[in-house]
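In what comes next, chain A is part of two complexes: it sits with chain B in the first one and with chain C in the second one.
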Partner chain A sequence: MSYDIAIIGGGIMGCATALRLAEGGMHPIVLDQGDLGQGASGVNAGTLSLQIKRVQLMPYALRGHDLWAQMGDAVGFHKSGGYTLAFNAREAELLTERQTLKAEAGAPIEFVSNAQLRRAAPNLTQNVVAASYCAEDGYANSSLTGQYYRGRLQDAGIAYRTHSPVTAIDKTTAFELATPQGTVRAKRLLLAAGAWLKPVAAMLGVDLPVQARVNTVSVTERMPPLMSSVIGHATGLLTMKQKANGTVLIGGGWQGRGTPQDGRGTVASDTLRPNLALAQYAVPSLGSARVLRSWTGFEANVPDFYPLAGALPHVAGAYVLGCVRGGYTIGPYISRLMGDFILGQEPELPLFDPGRAYTKEPT
Partner chain B sequence: MIRLVPNHASKIKRRDKVGFTFDGLRLEGRRGESLAAALLQAGHLNLRTAPFGDAPARGAFCHMGICQECAVRIEGRTVEACRTELTDGLVVERVS
Partner chain C sequence: MSGDYDVAIVGAGPAGGNAALAAAQHGLRVLLLDEQPAAGGQVWRAKSSAILAAPATEESTAGTSLRNRLAQSSVTHLSGARVWQMSQDDGWKLEVLQGGSSETYTAKKLVLATGAREYVQPVPGWTTPGVIGLAGATALFKQNLRAPGQRTVVCGTGPLVFYVASEIRRLGGTVAAVITPNARMDWACATPALLHRPALLARGALWVADLKLAGVPIYWQHAVTGVDGDTEVTAVEFAPLSHDWTPEASRVVIRADSLCLGNGLIPQIEAAQMLGVPLTHDAHLGGWVPRAAPDGVTDVAGLYLCGDGAGIRGAEAAVHQGTLTGLRIAADMGFDTSTARDSSRALWARAARFGRAMTALSIPRAGLARLSKDDTVVCRCEGITKAGITQEITHGAGSCNAVKSGLRAGMGPCGGKFCQTAVAQIICTETGQDVAQVAPPTARPPLCPVPLDAAAGAFDYHALPIPKPAPL
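Moving on to the complex of A and B:
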């Protein structure tokens, strides 16, 4: 049997695009080398924050937030609001500059006084010099990604295969994908392989300048209620939230070690310590919390840090979607746009041409 | 009781008995077994209180270092009883 489109990668991008394509009448198949949602989409910090989005991506993030609210409990969605903190004059300047731009781009971000902050978040350090607040911010539980999309794919009658790495791609009149379970044939192809995009595109002779970052996340033991909103830092080096069960999830993009090709990354103590120290500085009572686990995941990017979303250069019928900054937040929405584009419809907002020069701001 | 495997209970060699204390109570267990097992054996199912909520009494649940419901204090540190080997004279206290 031949599919209308084969999607390599069952992360949030691959799964959400498959859903849109099926809505549009196509028959897709999703292939993943592991299980659905076990890559970045399943291990990320789950922060849905407009305050840490790039200005250019704000319209996408705003619409993404609406989709998360619709997904609701099934993905552990909480609109908790979020504070971003500055601890000295330099950080305050950075905060004012960045959040003003984001507010101008449409995010409902306001600056809050120390008195307001004390009242709303009494467990924060007294050393806050400036703070911004966004009521739209919140979080979801990324470990539910795989389970959620598996259910959605099944309900929509979409084919998917797990533990099915694509090891070679042949392009004749259609695409022929070699997997350990046999060859999969499809008229079109979407590469949604996250941090593994480079080797997958290379199977078609295309060089994508994809690099991978090794982000670290930690979770503490259950603590008494310490914070009810997402807490971030002006530099972006801290994101933190307390779950309903009392555990506190700490991220901020600190780098572990390893490469996607070598399998799992490892946590590095020299970056983990400052990450935890910053969390503890923001909320001093975390000093008594024990960290239960720290882990890493691979986040892909290209040199200009804008998404790859569009037609794959040089290969007719092939597309690529990935490298989205804040890709968990924006994933469900940009995947819709991608689906519409593949269906031959004009996407509501522009995509990001993978054939661009990566040196300047995309138009 | 139905057994799917032969009953090897009589062949299990348990090591010598050692004494330890739990919040000042003198208890006995077997050297080298997990502290959580020794506490259970001694009848202590409730090991700590919850950090918050209305079900305050907590006890060892996963026995593999994940749930933290067996956390106790030893020599000033909070440790998991299920991942602590029982040694002679161990002084164990509840997490306050």
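Moving on to the complex of A and C:
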């Protein structure tokens, strides 16, 4: 059996693109080395915040938010609003500068007074110097990514194989992918392997300058209500939200250790501790919560921190999608654009040429 | 940073305690960490300090001896200390929770002697107050000299069920019945191993004789199928089992106010798993075990494993493996311990053969899973039933990690310690995979729940090492 396209990587990017391609009449197959949605798609902190999106990616993030809202309960979506806090003058300056630019890019971000903030979030520290608010912000439950997309693929009749790492790729008239369960043949190929893009592209002789950050996330036991909105920090180094079940999820991109090639990242106490300290500083009563779990996820990026989304250089019929900063938020949307592109249609917003020089801002 | 040691040992039971003594005898600086108030582990657990005197038992004597030897040694023993995070750079760094705050300790070598926990097959009503684990009951006897209730049903596999029943009688409780899935024939098959340990065989025979004399009914090849009672146990229901431990239709109900229930021990592997020690499945050692040599050496440089945490072989094997591991570390740090290691290895091998035969009595058979009903809670922390888990699997979740992500089974305070064996069993039933193909879920730190303020430690906001912000 030959497929129209094989997609390596069963995260948000791979699955959502497969869904778009199937809508367009193609027969895709999704392959993942593990279970669906267990990489960055399934272990990130689930924050859907326009306040931490890059200015140039704001149009994508705004449309991404709409798609998450449509997915709704099935992915644990909550539009809670979100506050970003500054605790000193330097951070206040950073907050003002950054959030102003993001507001100009289309995010409905406003600056709020301390009085407003305390009314809305009484458990926050009194040490807030400045704060911004975005009513569009919220979160979803990233743990549900795999379950959600598995159901969507099944409903759409799209083939997928889990625990099926691709070990070699042969390009003749079509692509032949070697997996432990046998060879998969497809006319086209999409690389959507997240932090594993570099070794996957290398099987086609393409060197993608992909690196991985090792982001740490922690969760507490169930607590009485402490916060009803997403809480962030001017530097972006804290994201925090309390789920409906009372657990508090703490992220912010503090770096653990390990590489995707080793297969796993590990939590490092020298970064976990300041991450938790920052959370406790923002919400002092969090100090008594017990931390139940900390983990890491690999977030892929290229040197300019913009997406790889387009044709893979030098290999006809191959495409790549990944390295999207804010990829959880933007993933479902940019995957549609990618799907349209592969279907030969003009995407609604421009893609990001993987063949670009990575030294300057993309145009 | 609180002191640099040659060796840090997590767990002060028979294995960890003896590893500490053996390493300290060669002049190594040893840090022994254990969450309990006194050394001894589960098997040699000390009586509560509130109890002034208690009759000596084999376990209390062995425990007292270990505690005395540790007290007289150069070993630094931190009691009430929970290791919540471990990492390796040049050496090992441990974050240790003690008395509500966290301290960092460093050591060149690390020994995990984390012991075992027990598996309880979920049955209807197993979460009713008054139901406790079989091994859990032994903690009650040893530490508090208390029976679990007035009239107790004791149900489980292997020798533990007879030990628990006889201890309840010794402490003045009434045993309503002893129920074991094992048939007399299972014990007959284990006899060759038992014959090499006449003292243990005699002890076991004494337990059974005491129960017989007291007129306690022993139901071989039976299992508890349900527990009656709302806020406390009022009765226990049980049934005969087929050869593969499938419960047969007939039911017997017996009045009781408490139930001790257990299906054997499983190694506590999470610490080893987090540090990257490869796992293998061996039903004769309690299921998933981290790969380690008899002298504790693992694939991870500077990391050693000993005792039941490396495979259930029992207390005596743990003693010798602990000693062997301590001696091996001394050798790795430049001391000649080869003669002593040879004799420890021989003693370990003999004890391990016996331990393995005892563990084999608890290997779950296919029918055991049928004791859990659709509406039986499997994940206690999150209140998830067997039916919920079954549905998730039939919808395509084929691994423990996938079930955990989709349902939260294993995301509660216990971190999956109570439910993951049952989850794996349901995956096997639904997908036809062998239990050796269903890997346990990814282990996540901290090793135990840790208060956020203790983990964060004292800090000055302005001194937090905040990296430069993300690109705009």
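By definition in this document, the second predicted complex is superposed on the first by the 363 of 363 C-alpha atoms of A that agree within 3 Å, B and C clash if a C-alpha of one lies under 4 Å from a C-alpha of the other, contacts with A are read in each partner's own complex, and residues count from 1 in each chain.
To be clear about the criterion, a residue touches a chain if its C-beta (ideal position, glycine included) is under 8 Å from a C-beta of that chain, and two chains touch if they have at least 3 such contacts.
Computed from a predicted model, the values in this text were never measured in an experiment.
Asks: Since both structures carry chain A, what do chain B and chain C do when superposed there: clash or fit?
Replies: clash
Asks: According to the stated criteria, A:Leu349 is in contact with first (chain B), second (chain C), both, or neither; which is it?
Replies: neither
Asks: Output check: A:Glu221 vs chain B and chain C. Expected answer is one of first, second, both, neither. What do you get?
Replies: both
Asks: Per the contact definition in the header, classify A:Gly246: touching chain B only (first), chain C only (second), both, or neither.
Replies: Only chain B; A:Gly246 stays clear of chain C.
Asks: Using the touch definition from the top, say if A:Ala202 reaches chain B (first), chain C (second), both or neither.
Replies: Touch partners of A:Ala202: none, neither chain B nor chain C.
Asks: For chain A, which side has the bigger count of touched residues, chain B or chain C?
Replies: C
Asks: Would you check which partner chain A:Leu276 touches, where first means chain B only, second means chain C only, and both and neither mean what they say?
Replies: second
Asks: Does chain B (first) or chain C (second) touch A:Leu94, or do both, or does neither?
Replies: second
Asks: Does the superposition put A:Leu292 against chain B (first), chain C (second), both, or neither?
Replies: both
Asks: Which region of chain C runs into chain B, 114-122, 132-140, 186-194 or 438-446, after the two models are superposed?
Replies: 132-140
Asks: Residue overlap on chain A between the chain B contact set and the chain C contact set?
Replies: Shared contact residues on chain A: 221, 290, 292.
Asks: Please give the residue numbers of chain A that touch chain C in the complex, ascending.
Replies: Residues of chain A touching chain C: 34-38, 42, 52, 54-55, 87-88, 94, 98, 101, 127, 143-147, 150-151, 154, 162-163, 219-221, 234-237, 253, 255, 257, 264, 266-269, 272-274, 276-281, 286-295, 305, 325.
Asks: Can you list the chain B residues touching chain A in their complex?
Replies: So the residues of chain B touching chain A come out as 50-52, 66, 68, 71, 78.
Asks: Where on chain C is chain A touching in the complex?
Replies: 85, 87, 93, 95, 104, 274, 276, 392, 395-399, 401-402, 404-406, 408, 411-413, 415, 442, 444-446, 449-453, 455-457, 459, 461-462, 464-472
Asks: Taking the touch rule as given, give the residues of chain A at its contact with chain B in the complex, in rising order.
Replies: Contact set of chain A toward chain B: 221-225, 246, 290, 292.
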